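Okay, handing you the structure first.
Chains: A, B and C, in written order; residue numbering restarts at 1 for each.
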């Protein structure tokens, strides 16, 4: 039976009973995090935002710890972000390459997990194409596991970095109107952001063509739109999702051109939101499809590169906090 | 003319005359190592087993040294193990990716070796699909070379980690009965283990279907079996080999199902061995083919994840010992 | 309008107006460097040549800095060289893998650049298949960018390491006769070497079959040959270029065999040059095509592995010098 907080389950995924997402097992999802825990991570990340602006960016907090980035799905930017985060904290970081993985030789995911564990990893960041795969691994290893994106389930560090980005610009989440537009159905980014932002008190609107909206979306604490113009009214933040290439083949949307017409963010459309509304996108962008170039490059209002910057800081905070217990420090309040 | 100790030569490989495997040229094979040299490496590894159980796992023994992992064959776990070993000793570790290698551009192996040498590597770990390739490189470079598996020749660090695993559980090798079952013909793991374990005084039995048994196996100091049940009688250790996918196509075995029936390790079959017999497998496993899941996961008796753990320690010991001369220290007694 | 110094432009590339190649934007090309700036970099590299011959090769000059190697084209040796250079200087080095890059997902190059920038890279080394791509990125990021080879434009660190190699052997560039032979048309190595060597006072001769010679080569300060024997007369240095596989298909040369006959460097042909003429090749070599094995392996006279060694030192010098400003030090005189 799924937990209350993970109501927007994809068919393949249900939370195992009683598995606390955090801190015992690392950070598998935003679901399970209390608002003060989210805010604690944002607060912790703030120091790294500052540090990263200097030439000397290294701290030796995690000196001698081994962090493994096991990415079963390709993702250059998220992998780079985790790798940089670990190295800046002084850890020994190793990447497990997907294409050469034993998984290709028929090894089970559990055996891969047991192998990483036996090498005495102190933290493992995992990206996997299947919802629930990260929890499966987290249940089998002794060290904290960070979900770097699993199937259509969660991408918690993305939601945290988005929250940090918003907090820097808007200060408070309470009553903030955030419109998330795009392929809500398949998006773990949407899912984690909905959980995070509603938990922090924001008013979240989701907008998608009917075929890309989850059937059970009503069970989440969001307002549902199919008309982007209506979804934008009074919005303080507009968060666009990437349209995956494989959805552009006619099964889900008629054509990229029509998608852009109905759900792309143009300057004209952005004008329907609040006059100082912020623009976000998790990247990589399809310029000219879900977002126009002149919107993506809007000075002051587009926070897309800020999101990338916050990403490194959030991952540093997560790696630091989650390994505190192993380092003999208190985890968190 | 092959050396006496490398009698189980594959057709393509013969040891060059007078090439001492170790310590002048690094660790190309178990062949050429005296029993006390093997024991010395196991003793050295023991300290790293302990260290790796702490959060702070880094020592600066190899600080400033450059270690190159040149893997011409894919192998996630062995590469990870070498990379982690080098980093925990404080070295600068770089991996040379296979898929992007100049070798793909038609460069000769010798030229690749000369290039790595000219970059002033202090140690090179090499995996290559051809038997003898590692010796070829070792002969051309100034630094110690560690064989991370070459063709059907040797995989010495695997044999050392297996020996360390056995020693932890059984204390003495003398008279220990070890049954190695699987594709003996193509297995460098089997070959290195036979050399290592017989050198240490164990009684080694090899078991394979006739098509997967080397023709000249009689020249090695082993007992040869085709009946797995007979090979298991009184065995103290059962070491299963991975059945390579490419052998499952009917040329060597009738079918995976029949292979499992005759040579797979089930609980029932394991009962034919000593009552406390240990189970080992170099990984990655084909669960349900060469080994059943309930055997692989046997508490206390399955040492499969321990093998992985010992692997990091053994590679740390090899990297430390082999670079001592370069660091102005005495190599070994 | 192209700058005067980049007269050998490929059709796709022109220098943007007013973009100083160095030091504000890093090292995009040899074009734009004054002779004393080139010599300064060679002088700086010399210390690293010495350091790299010791076991302890690490300096902490770049401790805490993040260096990203973004290679959009495969190149094992150049990537290894940059990675080793950065690590020996104590930096945190991360490689952005091509095959898994967001670029594959349709992201623009500029967006990739903005992403790397937002992660607060302190230097970026870039290899790209398109001429001008590196300048494009350099214009968008806040940190110095080093061109690790872009299309048919430039490969400045190759030219610098070649100059360092020549200087070690010959002391002075003035009046030195250097013959560069091979596919001049498509070679960024040739282009950067021509700019570098002529700038330092050498007499440069280029030799290629007519189809592999740029139409506007006359505008560069070189002597043009189609007859290799004539080009070799009195030459002090013979620099052979790699014949790319894709040129061997009959479009540019009749056959590899004929190419070797006319433009391959054999011992007999080398005898037409000065008696102590030096042999160079940027690697990887096609032995038996552009260069015979007995020439490539000539003791004392073949500097091919020395070039590799100088490569690490040159990249260390570039990374050091280019990040001085960020580290609060004076850049260079």
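Here, a residue touches a chain if its C-beta (ideal position, glycine included) is under 8 Å from a C-beta of that chain, and two chains touch if they have at least 3 such contacts.
Computed from a prediction, not measured in an experiment: that's the story for all the values here.
Chemist: Same or different interface residues for chain A and chain B, judged by whether over half of the residue numbers are used by both?
Modeler: different
Chemist: Any idea what the CA-fit rotation angle from chain B to chain C is, to the nearest 5 degrees?
Modeler: Superposing chain B on chain C takes a rotation of 120 degrees, nearest 5.
Chemist: When the C-alpha atoms of chain A and chain B are each averaged to a single point, how far apart are the two points in Å?
Modeler: Chain A and chain B have C-alpha centres separated by 40 Å.
Chemist: Mind pulling the chain C residues that touch 2 or more other chains?
Modeler: 99
Chemist: Touching chain B in the complex: which residues of chain A?
Modeler: Of all residues in chain A, those touching chain B are 63-66, 68, 92, 94, 96-97, 99-102, 104-108, 111-112, 114-120, 122, 323, 326-328.
Chemist: In the complex formed with chain B, which residues of chain C make contact?
Modeler: Residues 52-58, 74-77, 79-81, 83-84, 87-88, 98-99, 245, 283-287, 305-309, 311-312 of chain C touch chain B in their complex.
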